[in-house]
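Report on one structure; see the data block that follows.
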Amino acid sequence: MTAILLLSCPDKKGLVATISNFILENNWNIINLDEHVATDEKMFFIRVEWEIPENDFKKEVINLKFEPLAEKINATWQIKFSNDKTRMAIFVSKYDHALQDILWRHKINELNTEIVAIISNHKDLEELTKIYNIPFHHFPINKETKIFQERKEIELLKSLDVNVIVLARYMQILSDNFVTQFPNKIINIHHSFLPAFIGSNPYKQAFERGVKMIGATSHFVTNNLDEGPIIAQDIIKISHRDSVKDLIRKGRDLERIVLANALHYFLEHRVLTYKGKTVVFE
Amino acid sequence: MTAILLLSCPDKKGLVATISNFILENNWNIINLDEHVATDEKMFFIRVEWEIPENDFKKEVINLKFEPLAEKINATWQIKFSNDKTRMAIFVSKYDHALQDILWRHKINELNTEIVAIISNHKDLEELTKIYNIPFHHFPINKETKIFQERKEIELLKSLDVNVIVLARYMQILSDNFVTQFPNKIINIHHSFLPAFIGSNPYKQAFERGVKMIGATSHFVTNNLDEGPIIAQDIIKISHRDSVKDLIRKGRDLERIVLANALHYFLEHRVLTYKGKTVVFE
Amino acid sequence: MTAILLLSCPDKKGLVATISNFILENNWNIINLDEHVATDEKMFFIRVEWEIPENDFKKEVINLKFEPLAEKINATWQIKFSNDKTRMAIFVSKYDHALQDILWRHKINELNTEIVAIISNHKDLEELTKIYNIPFHHFPINKETKIFQERKEIELLKSLDVNVIVLARYMQILSDNFVTQFPNKIINIHHSFLPAFIGSNPYKQAFERGVKMIGATSHFVTNNLDEGPIIAQDIIKISHRDSVKDLIRKGRDLERIVLANALHYFLEHRVLTYKGKTVVFE
Amino acid sequence: MTAILLLSCPDKKGLVATISNFILENNWNIINLDEHVATDEKMFFIRVEWEIPENDFKKEVINLKFEPLAEKINATWQIKFSNDKTRMAIFVSKYDHALQDILWRHKINELNTEIVAIISNHKDLEELTKIYNIPFHHFPINKETKIFQERKEIELLKSLDVNVIVLARYMQILSDNFVTQFPNKIINIHHSFLPAFIGSNPYKQAFERGVKMIGATSHFVTNNLDEGPIIAQDIIKISHRDSVKDLIRKGRDLERIVLANALHYFLEHRVLTYKGKTVVFE
């Protein structure tokens, strides 16, 4: 088993020594350490992973033990164990490729997560969720019901103790109220190389602009549409031969890969945010 | 020697037959043919390359011979020979990497062009042009002199019979009047994946947005800044470790490669434009 | 509906004219034409796609009509219609990712094919094929039974009129006799950038060599292991942080994409072979 | 100014603590730390960069101070300062692109190095070295003179206190004796994605195999041809349209970029070797 500390704080001398001494004092061995200082912002970011014997009684109280130290350096932090599974909810509408891909990866144990709910404003993908035995919740949404339905969704998510919400091509814009409840916990996949082609129909926008590549971007959702911190991004080349339909087809592969990369980073506790950007310790 | 026809016209039946029969009637052999129909626009695009013996007297009159046919199908077209060198002028300011790269490629005969002038609003790169023996022209520009200096530049370019103008990180915005004189003949390199980060300081914009890749785009210049038809585009991955300075360094390589690709396509007569987009027969 | 001609023959003057005149004489309109001459080999390759009205009686006899022309130019050729579905069989062993991906693409109509059989030497993936309603055939194989079982497989494939056989991580080496029955019809996915890391355990080989990227290659199967004509190939970057297990995980995505690309090209009649290589009209 | 420690040793508990405490005790601030444990080999690798005031007298004796600590953990290590310039010699033959590129990067201060000698078995590139004011040494080599000339080269390199030797498309194979003098200090650029296409004419080999991509690999030179530890590697896509000449042209860009990346990593003290592989802290 390993423990993973993910921490950010104002930079100052001795931070690595402080943290590594803490680990040494507990007689643990670091197997991975990645650190970054944003020198312009004087901010310190670190991810440390170390081995802990399964039967080490200290792991029960590790958070309590680390807290005073974290407070002294004014840190935002978390410690997770490699056998903890992050609890995930997935929001979808009608497109199945992103959902299908996550479910398949989950099934072959590629993603260290427990998928506790699939939530949709449509019924189209219910059947798919049955194959994988994941509870499906239908919340139809229109202008009138939106606020009410979101409130029920939030209740459900909180009751399920959800730690990450994936928008797998969910075609509704979440309200500010919803987003505010889950800061840095909602991950979206947008089918363009943001900040290009914000908003709807990015493939059509790309076709009309005549770009020579299309992209996909996975990012945290904030209250500004498609402007949250970017976690992962990639592109593929296209040409004049590609119709909008071709872009949609080619883009599906890209969306799946980019979203999966972002989820890997998140679920392995590799992502920190600061000032609208991410630090991703790959 | 080869001849290269580059042609676009409204689509209709028999266009390939018409063109290939013309070539066959002259007893020539096609070695490359690439065709595209934009079905939504009902437009036909073609590039054909065929062998012509050096001493074939018909090549002198090939344009005359092809003209009636082209008129009948309402075509925009050109026929060039592989040993014609396109006459190029390069505009630069202070950055040398794009210029340096073009000059080196030209020297090793990678680019089928004759560079007839290097024009700059600064004197910084004059020395470099001397190494490669290319005439350097200094046109300092400020708000007051801009229109006047541009007029002199246009005169020079016309007197030199220039067929392509490359903006190799030229830091002035050309006036509408200037651009209008050289439609689809001015090629710019912009250091972002357009349409993201239009305008100045795209690397700084990219750093601040926290994107996970930076790009470069080579495009024809039109009267809308950074909105002309895109010829070539590429990206490289970056991370939180990269400062703006790192982006500038990494981007230099990208700019050089993307601009070189666009010039290859143009100088080998592979680029057609239509409705603000390009057809590039790679 | 469209018709697609895929043809290769010795190069000579007038080939494009001959073919395009044939299409024009039948009053059809070309919408796509891509041509290549291998000048060193003096070989001509072409793919032409043209519109044919559904009710055009000439399409019934198009092969008969084209035959004399093809004979005159000594061509290897085929004409297919866009609504013909190529009949596919898939061979698998225990890994499900490549199979899963093809079945999903098939279900959303991304691949223009009818999957008529899934054949395996193991029973592990039978359940998956049931979800997608594809007949599953179990042919357990060991040294003694191999020749006999292959004979039964060949019979089955011929009785099903199979036109393409996909080895979706099939862990048996097909006998020369088997391969000879289906020239240029067996498509394999190999998990390395061939010709590097031929044979078994390419990810382990890659790890041990310390390469900075891993690849996948889709190719036609011939009687020389991993040496058939390459249809599609791609790589992703890796680092010292990646264990063999990481390579396997990252490689799965690559294998899926590269195999899908190869299948797209094949099923859209874009692939010609010559001298152990392919011409792929993308 | 910063100091950079690059260190590898057998893994054990407390290594990060030991090193970070050393830095803290000297009142310095870490700005970059990257660590890797090869768990199968139980080896520890680290790169740490920290700020040191220019006038800090302790920097004069930093190696002496660190030595006992390094000895205790049985480490292979070096400490360099950011304003130390690594002394480089470049070996070339007739191709200029790799040399040209390094010289240009050096001139614009992209590479933290002092180029102290350019050595060639031909005179073709002497002129180019004059433009950049770098001493050029001509050592013509044939079967008879090889050992003798190499001895003179080694003498020269030692007298110049050279710390890295770059083979920028040097067309001679260095003798085992030569290579043994400069372990992990000779960096080569090979124009293929190794281990594919070892040896001469890799572009021709690639053309003949019909691969869909070509590559370049920068690696340390050992006594086994093209088998040394790989530092950097990349590929570009090609197609059936590309002749060997096209591959050479396209490959030039790739070689330049891949070699430059490898040099960046080396000159920024980011490369460790172990068991025929590299750890590159990007």
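As written, the chains take the letters A, B, C and D, and residue 1 is the first residue of each chain.
Simple rule for what comes next: a residue touches a chain if its C-beta (ideal position, glycine included) is under 8 Å from a C-beta of that chain, and two chains touch if they have at least 3 such contacts.
Remember, it's a predicted structure, so these values are computed and weren't measured experimentally.
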Compared with chain B, which chain's mean CA position is the farthest off? A
Residue-number overlap at the chain A/chain B interface, same or different (half cut): same
Quote the value, from 0 to 180 degrees and to the nearest 5, of the angle by which the CA atoms of chain B must be rotated to coincide with those of chain D. 180
Hey, how far is the Cα centre of chain B from the one of chain C, in Å? 37
Whole-Å distance, C-alpha centre of chain A to that of chain B, is 41
Chain D residues touching 2+ other chains are 36, 241, 282
Chain touch graph shape: choose line, ring, star, complete or other and state it. complete
In their shared complex, chain D is touched by residues of chain B numbered 96-97, 100, 104, 108, 110, 131, 241, 249, 253, 257, 260, 282
Which residues of chain C touch chain B in the complex? 11-17, 20-21, 23-24, 27-37, 39
Chain B partner, complex, touching residues on chain A are 36, 38, 40, 45, 193-197, 209-213, 215, 229-235, 239-241, 243, 276-280, 282
